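In this document, chain identifiers A, B, C and D correspond to the written order of the chains, with residue numbering beginning at 1 in each.
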Amino acid sequence: MMHMAYVVAAYAISAFAIGGLAAWILLDQKAQKRALRELEERGVRRRSARTEAAG
Amino acid sequence: MRLAAEALSGERGGEVIFSDTSFAVASGEALLVKGPNGAGKTTLLRILAGLLRPAAGRLALTGGGEQWPDIRAACHYLGHFNAMKTALTVEENLVFWQRFLGQAQTTVSEALETVGLEDIGYLPFGYLSTGQRRRAAIARLLVSHRPVWLLDEPTAGLDRASEGRFAELMRGHLREGGMIVAATHLPLGLEGARELAMGARRDGHDAPIRSTP
Amino acid sequence: MLALYVREVRLGIRAGSGALTGVLFFLAVVAVIPFGVGPDLNLLARIGPAILWIGALLASLLGLERLFQADREDGSLDLMLIADGRHMLALTVFVKCLAHWTANVLPLVAVAPLLGLFMNMPPAGLAAATLTLLVGTPAITFIGAVGAALVVALPRGGLLVSVLILPLSIPVLIFGVAASRGAVAEPDPFLPAFLILLALTLFFAVIGPAAAALALRNAD
Amino acid sequence: MSETANLTARLTALANPTRFLALAGSLLPWLGGAAVLVLVVGLGMAFAAPEDYQQGITVRIMYIHVPFAWLAMFCYTLMAASALGTLVWRHPLADVALKAAAPIGAVFTALALVTGSIWGKPMWGTWWVWDARLTSVFVLFLMYLGIIALTRALDDQSRAARAAAILTLVGFINIPIIKFSVDWWNTLHQPASVFRLDGPTIHPSLLWPLLISAVGFTLLFLALHLMAMRAEIWRRRVSAMRRMSARAAEGKLAEGRAS
């Protein structure tokens, strides 16, 4: 049936978009964590967590 | 190689700022352009770099052969601005200028080490302090080879230690047969450099006060 | 030159949201039209190509004034002028235009089919409009470079660029809309208008950077 | 009195990003697991439910379309609350919450539009009509994109935060006005052939799966939001540490010279 294709398309696009969003957020998390690790390896230390997230 | 200016005069906005200025610089020599604000130091350097046309007089670079036909092709120009993009890292900026300017000389990491920025080459340029930015711009002079350095207040924003390092760099450049024309009112630490005093105008008036652009 | 292209594209993507703002502006302009003319789908389908083209034209003018101004403010432009002997200035301008187009205008072309759906355009019309935008928008960037170079020394040149450029871009608009309409409306042919559009782009690809280089050299 | 003091203390405790990161880290697996579980149940029930006699199989699209539309509004409300938090209480996490929520909200709004138009294609014969409801959601989508552009445009973190907060609040106040004027505009032009989206009333056998999948998607949204907030906090740390590293390099240089 023709209308089945519309349903499948709607679900497929949604799954793709949400999956993409989740993957993007995960990759972003990974990248930031890696950058943090690299900075720490270079010997940079945070003074306090509080002021930085506020800034 | 010899850079000569004969009876040069320059104007900004239709007003003659300096006139009848003559000088010559040979390989291994430095010329310090001195004078009060508004004497036309920046204008003179921009004329030398080919960014402005002289109002009168002649400019020539002789003995450069095919490789350096005129001053514009043979010069590094370090102006008031550092010509770096704040969104790119220091390394990215320097790699770009090296590839754009050609005549690669030292590698980017060597140049950064020379100016003492080797630890922060990975940082975006926007994170740097004024002095660090100036040093990154000085590193640009090193990554590509040019016999003539045109420097406009090169030590602006540098601390004493960095000034000393930069003087050492300039002496090295002169030893290798380079030329330097620097506009400054601070001592650069170049012994034996000739000076060109500007602002002593013939008609007896003071030079017009002009904020540097 | 490849280095320049890479740097400019990287800057366009990394430094702020120029491309996003352009796409948003395009979206907003196209979305506002139906509120003005009413939601009649037949009418919207008829004026769809024209709206897409006008929207893309206005959106692609947005970031143009920064094309040389940013380089002038940080001193890069001086070095590019001095390097004229090594890299012809017109070529430098050409590469900068291409990079600007890639980073800021290509996204507009990419969302054009989606906006065409809002205008109830038929598939053939969508394809034609997107294709004409792809071919025609570089011409706008090349003309825009001239305007951007002329106002490079002015502190608030943004609006002036648009005022200078819009009259010059009328031919591009005419043939762009004519070609995309020709693909749908039966009697009008598609190919002649499309080829003229292509010719306009090639023509401005030569004239624009040359004139912009001349203007930049005399800006100081 | 002690009530407010208690609340303030709790808020301040949450304001410590390190504690928030730890809390979010331990909460996330549960939240994600619950979201997947509820979604499987809800959507499974949805496909087991009978087809609608009028809309046929396309009614299945409603089980994702309605939750997306709900999340589009829920996310904007959450952002408006965060905006208040930024402007009134200057809560350091409120800005992070706003910035992290905007792209997620934009994706769900876009999905609401896409699924709506996929549902509409067989119903109306065209992908898009300028129906009042669709148009309002579209305007909401534009506002999301505007907020995203604003949060990305300013380099200075705190200025960007306040600007985005103000824009979000102005948009929040404006939404009813937009909705009203779009409705008015639409009834003025409404062609008779267009079906109403809210159509026939929903049968209870369809309502339960709808509610359950709405809960599932909301849980999913919260999990994504927490993840994005963590990434944003780390991004700010990286940026702060880079600034420090530039300063540290300066200090080291001076030391090296002195010795």
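By definition in this document, a residue touches a chain if its C-beta (ideal position, glycine included) is under 8 Å from a C-beta of that chain, and two chains touch if they have at least 3 such contacts.
Keep in mind the model is a prediction, meaning the values are calculated, not measured.
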Most remote chain, CA-based centroid, reference being subunit B: D
Chain pair with the greatest number of C-beta contact pairs: A-D
Identifier of the chain whose CA centre is least distant from the whole-structure CA centre: C
Chain centre separation in whole Å, for subunit D relative to subunit C (CA means): 33
Inter-centroid spacing, subunit C versus subunit B (mean Cα positions, whole Å): 37
Interchain centroid distance [CA atoms averaged], subunit A/subunit B, Å: 46
Cα-centroid distance, subunit A relative to subunit D, in whole angstrom: 15
Per-residue multi-chain contacts in subunit D, two or more chains: 242, 245
Two or more partner chains touched - positions in subunit B: 119
Multi-chain contact sites of subunit C, meaning residues that touch two or more partners: 16
In contact (per the touch rule at the top): chain pairs: A-D, B-C, B-D, C-D
Residues of subunit D defined as touching subunit A within the complex: 15-18, 56-58, 60-61, 64-65, 68, 92-93, 96, 103-104, 107, 110-111, 114-115, 118-119, 121-122, 157-158, 220, 224, 227-228, 230-231, 233-238, 240-242, 244-245, 248
Interfacial residue positions of subunit D with respect to subunit C in the complex: 117, 126-131, 135, 138-139, 142, 145-146, 148-149, 152-153, 185-186, 188-191
Interface residues, subunit B side, partner subunit D - complex: 116-117, 119-120, 123-124, 126-129, 131-132, 159, 161
Of subunit A, residues touching subunit D in the complex: 1-4, 6-7, 9-11, 13-14, 17-18, 21-22, 25-26, 28-29, 32-33, 35-36, 39, 42, 44, 46-47, 49-50, 52-55
Contact footprint of subunit B on subunit D as seen in their complex: 155, 242-243, 245-247, 249-250, 252-254, 257
